[in-house]
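Read through the structures below before going on.
Presented sequentially are two complexes of chain A, the first with chain B as partner and the second with chain C.
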Partner chain A sequence: MNLKDVLSPLYVWKRAFEKPYTIKTLKEPRPGADRYRGFHQNDLDKCIGCGSCAEICQNVSIDMIPVSETKEGDSGLRPKIDYGRCCWCALCVDICPSGSLTMSNAYTWVEEGLDKDVRETFCFTPGVDKKPWDNEEKGYRRLEGYELSILERVKMEELAPAERVNSFIEMVKGFSKEQAKKEADRCIECGICTATCPGHMDIPGYIRAIREDDIEAGIKILYATNPLPGVCGRICTRRCEEVCSLSLRGEAVSIRWLKRYLTDSVEAEKYRDLLHDEVVPSGKKVAIIGAGPGGLSAAYYLLRMGHSVEIFEQNEAAGGMLRYGIPEYRLPYGSLDKDIDFIISLGAKVHLNTKVGRDVNFDDIYKDFDAIFAGIGLSESFKIGVEGEDLPNVTSGLNILKLVTLGQDPQLGDDVVVIGGGNVAMDAARTARHLGAKAKVLYRRRLEDMPADPVEVREAIEEDVEFITQGIPLKIEQAPDGKLDLIWGKAEMVDDGSGKRPSPVLIEGSREVMRVSKVIAAIGQGAEYGWLEGETTKQVKLGKWKIEADRWGRTDDQKIYIGGDMFNKTADAISAIADGHRSARSIDSYLAGEEYPKDRF
Partner chain B sequence: MNKIYEDLSSRFTLSDYHQQRDNLAFVTVEKAQLVSAITYMRDYLKFTHLVLMTSVDWLEQGKFQLTYLLHNYELHVNFGLKVMLDRDNAVMDTIHHLWGHARVYQRELHEMFGIDFPGSPGVNEPMILESWQGPPPMRRDFDTKKYSEETFDHRPRQHVEPEDYLRQNLYPED
Partner chain C sequence: MNDKYPPIVDGKSVYDLDSQKYLKMWQGPQHPGVTGNMSLELDISGDQIIKCNTHVGYLHRGFEKLMERRRYINCFPIVCRICVPEPDTNEYLFAAATEELLGVEIPERAKWLRTLDLELSRLASFFMWIGGQSGAFGSGTVAQWSIAYRDYVLDLFEELTGARIYHMYMIPGGVRGGLPEGWIQHAEKVLDGASKLLDEIYYVTFHNSVFKSRAKGLGIITPDLIDRFGVVGPNVRGSGIARDLRKDSPYLVYDQLDFNIETETAGDTYARTLVRWKEMHQSISLIRQIIMLMPKSGPLYTTLPNVLHLKVPAGETYVKAESTRGEYGYYMVSDGSEFPRKVTVRGPSYSHGMALLEHLAVGVNIADTHGLMISLHTYPPEIER
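Now for the complex of A and B:
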């Protein structure tokens, strides 16, 4: 035994009086590294409940649970995370389209009472269940520039402005197969869009079909909710894209162009085989008044349900506003006819040039048919309400667009002004440019207040349409050279504090004169009710603005349904198509003697 | 490196020689010659250290690749000997008599890949997979998800699909 062996116990005892090296992990936890992947944080206001985190989680540790109110673009669900399963890989943070989900650097959590339900043990909903790390600045965030999603669209090729103003050739060229598959690849299939689409189309479904290159399946998905997909693939107001979760940090998926790609990939002759369906005739007859998108949609689904359908259309061709209100460069007649011809080929009898109330009586229709769907649209242009409005060269945007569709010269002269800021105003002004005239748009509010599609406004600007905003028309006078003098005044935007958008107020004494060859009013349209004259329409109630009807479009007379622009608030093609589909299901139930529509189609 | 390779190839049947770095090379040896080759390297070429033993599952080719990595402390070079085994008959001669710690690697390879080393002490005892019921988990045809679903109890999910939830709340009748 040597000396060291004798002394070493004393060395050990010396240690007893030193500060211990013990780390008190729970009482004084060591902070995690700055980018440590610890417990989650979720910014509830930014989160839209798209469920991408739950979808990507490889350990199934995330459940979407109801937390807040469901609205368009926000499911109201929020992720709840189970730390018994979480492996802290942070894929959920990396995929999060809104960027709301992050990770703090906190990594200690003491759970008391392990007799709890196993579903609640070490589970919490970040942002909802308050935790000490909720406001922790440090922790894992997605690295700048590191993206799992593709935030940029595949660029759509279109004709250059200088090229397109010389003709009415369709300006958007459409996707090739490679482009479409690439664009379809961007969709993360969260399905937030389907609720916002008025027709509730299965958008992730048909995008998946494109990705898998199964065009036939894609077409079937389209026709399940929309019998005018070629039209919507071109001119849809695409509110789906506004809520696309990718649009939160990048560009929305080009849903509209993908739909167009599907329909352009199949020839018209193939639709019949593709969408073949055994139909059992019901022996019931349904009359449809107006061959616009609402009427055509109702016709398609009613035919599919086995009812016979007759359509009464006042114009010389079917299509309604799609044909007479949308210029050819946005929706070529060939594409429109492809969709319409297929619907008619299923057996609809169409009476063209037949206006109800003029050529045929509503009463007769009422007696001859088992049900009626009316979608006559909004065809009466509102008046500007100024002196001189009845002068010869003052007309409406709808009138110009219709004349161009009919192949007639709208006699615009060389310099037109369009009054209004909606899509009809844009179409009229751009049509004037395509016909070689100069075009100005006079709008009461600011550019950003325009109800027109921003893309159309941009395209109009590209085509050298001049925008005069905050201008109120005052008077129209005949000018000595045969032209017109539009007298207008500048307006200022006044916010009355009521929370509504600011309204334009004429600046006292402001007076400007604009000399033009044509004044085109495009400030909105109203419905016309001449067709409703007769004995049998007494039960149909006219409300303040429109005919009263339930959500199925059913008026107080069980036999009469309405839909389309004259009924819904949004007044666009897809809403009319949705109305037609809804009414068709309700009519089907009504004809079968059932109270409520059952899901037959 | 080339010298070592030449020396080895004059005595054993080698293939697929590949020098990865100045101090690292691999070569494939016939299964029957592996123990002789590795003994020769240890005793005559001064590769006295067995760095590791590992395996790769070449599922498509129906083979397991065994790799023995050796180190020479004088030259400071690593040399890897590879052996290809039939997946259906995954049996290899043990080398625990050359390096005692090889039995740990062999026990692990047996547990994770199901490669047997008859005679290696304790080769059949589990290292970490006590009461494991399934096939060896590192084999590529092992379905982790299926095994976990069949073997473990599962917490019921509370998950609601956003698309369904939106429908239910915003347009239940459509």
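Now for the complex of A and C:
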């Protein structure tokens, strides 16, 4: 030991004259760092209440509680956070599919009064319960270069436009097992899709089955709410994907293709073994008018409930619009038959080429059966309402599609124009392309206003369908060379300020001529109610557009139920299937002498 | 045989407490010698320890068991809590074990950021330790300086990771964020200050007659103890053995950094303190190197399968890293399900703080127990997990 060792510790006194480290917190509050994980904020305009935050929270500190203000595609729940449990890991922020949940850099919360329920102390619903840090801009946000969710879908292989336009081969190739599992893995199981699906299919359930490679369980889940899964796996309007929480920042889970994968993975012969169920015959007979998706769905569930079913179909094959309204490249007949044949194999008796009101009398059916389900769909095309509409080469989209299904030549010529912007218009135009004709689509509004599925529009564009938007047909004239002259005028979009979408108004004096070999009208369809004329249907009320029925599809006559496009507003296959299911359950309870089915849906 | 020690009959010490020659004394669990809770049951004769029993368990929170019922992503926020003063090693090892079982390679930039985070946490952890080490020998001033300065390092963590203590930064698959704007300048400032402070600490600690006389010769780890007690880290480096996982089995980007293993030969508390002091300088140098060499852009995260239902292929792995206390290891077994079948944490404090301490404490003055314990650098939370 030397003198230095005794003296050098005194060096510490030097520090006594330096500025202290400590800050006077109360006087000068110290803000948290820019990405500090402080108290939660929730942007209620963005939050859809998917519950992913509650799902990932390892402390179970997040509860989803109902709130009064909700919106479309929203569970109506909002996360409530218990700061007695929260560990501020911010995984909830990282997983939030909408990006609504963030953390501010605030870290001081003074709460007065211990008289509150101790379980409620420092619990709050961010965004709903107003807090001083609600508008704080700094704090933890998901940072660039880091993303827990998988926002991109597995690419679906399709035939190239040039390749597919020459034939009616199904253009979408379907997922391989690996692709399907990878796509199924993206699902976060929020279930917003289930709530939105008209049929309330257990979508997270069958996606989980795919992920776990349990195809049989998946098929069972599908058939619990949808007896035409192979069809829906191809042509469903997929409202589920529109609300998929992943679609808020990325691409929705390919729910439709996953459903298709499930049904494609099982041979038709195995359906029976898989879905085998002992059925006790009830001895009741139910008539179904129309073998479309609604009728087939009702038939399937009624058969499973033990009732005997007879289906009356005016065409030569079952399927309705699925067969006659959807081109083969979207829904191959084999896939359609696979689903339909299984339903019929359960014991449904089908009277083909039998139109009620023409071949059989509705009154006779009414007498012979215990209940009737009518799902006749919308088969009458609307007229365009212009001069020259009755000329020989003016036809409807549905007619073209039906002729092609029947294997007949629709005699399109080499140049057609389709009037309308819905899915039928797209199908008609693309069918014309596949048959080798040039196709144009004339639509009154803008491209973004089209009611058709955007994917259909994109595919139509890929197949060189020409789109003429903001064009109003004025007149059709016979041209000297045997073709037709479609006279149309340009329109401008006028917003009347009522909050509705702008409407097209013809620009005065605008007049264009288009020479085509065929004019195809596809501007919508209506139902035909001729079959209702009879003694026994007096009680059935016909409203302005539709037959009046309650939410179970029950008309004022307890025995008569309706469903499908003629009943619901959405007019697509899954809605018809859902109607069929709902009505079947309602018929079942009616036949058992009960008022309505006891459970919710 | 020193007559201070009780006679041994049939291989066991026999205490005649009535002789008033021996005293049983409890130290802890609020023990100044550790960061956490742990108690010592001391048999003393006069003020000299003749037998030491360690009692741990005050911090047992059952993390290993908790993890068996949690999805991998849900384990991520809890592993850091296994060791409070230096949580990052846990984060890194849990992430690394999961990634290894998943067969995932993380992006290059994430590796550099992880190394940066680990070195920063080493610095913070040593700042905590050096305060304890000097405090235990009566120099509370150094403790004030170092613990306060540690907060400046925590500021850096707050800016980089969003939190001061439990950073939760190294998520399986990568890291959660890049360097924020202005961080490097801030870090340079903090590192300059740290470097200056370390020199001041050197001056008042290693040239301190009290510290010298108390630390020199205290708790000598002789070479024969090293393998017997599984001594690792600065404890073994203080005994002249250059053993450091950052060199011996380089992980992350340590093989691209320039540093040497710091050693001392005496094996006593003074030597270990000096090794750690040198390693603090080394950490500062490593952080500077990392800041200079790391890629400035690039991905931070390798997208894993959906973490909400992530299933890790069946298998087992042991990953290790050099923490401030030495080799820290995670043994992870997966049975292919959503939850880890078993995660076992090897905290170096287990062997240092219990078996080795019980051995070294014999013959030590009561007043020096804290200094000895701190010099072994024990963090009880990692003993109990």
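The criterion applied here is as follows: the second predicted complex is superposed on the first by the 564 of 601 C-alpha atoms of A that agree within 3 Å, B and C clash if a C-alpha of one lies under 4 Å from a C-alpha of the other, contacts with A are read in each partner's own complex, and residues count from 1 in each chain.
Quick note on the criterion: contacts are C-beta pairs under 8 Å (C-beta built on N, C-alpha and C of every residue); 3 or more make two chains touch, one makes a residue touch a chain.
Just so you know, these numbers come straight off a predicted model, no measurement behind them.
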item	value
Between chain B and chain C, more extensive residue contact with chain A	C
Which superposed partner A:Pro9 touches (first chain B, second chain C, both, neither)	second
Which of chain B and chain C A:Ala54 touches, first, second, both or neither	first
Contacts of A:Gly422 with chain B and chain C, given as first, second, both or neither	neither
Partner chain in contact with A:Ala90 - chain B first, chain C second, else both or neither	second
Which of chain B and chain C A:Gly489 touches, first, second, both or neither	neither
Partner chain in contact with A:Asp82 - chain B first, chain C second, else both or neither	first
Which of chain B and chain C A:Leu143 touches, first, second, both or neither	second
Shared chain A surface residues [contacts with chain B and with chain C]	none
Touch list for chain B against partner chain A, complex	155-163, 165-167, 169-171, 173-174
Complex contact set, residues of chain A against chain C	1, 4-6, 8-9, 11-12, 15, 21-22, 32-37, 52, 55-56, 58-59, 87-91, 94-95, 103, 140, 143-150, 185-189, 208, 211
Chain A to chain B touching residues, read off their complex	49-51, 54, 60, 62-66, 70-72, 75-77, 80, 82, 84, 118-119, 190-192, 194-195, 200, 204, 551, 578, 582, 597
Chain C to chain A touching residues, read off their complex	70, 73-78, 139, 141-142, 145, 148-149, 151-152, 155, 158-159, 161-163, 166, 168, 171, 174-178, 180, 200, 203-204, 207-210, 212-213, 298-301, 303, 305-309
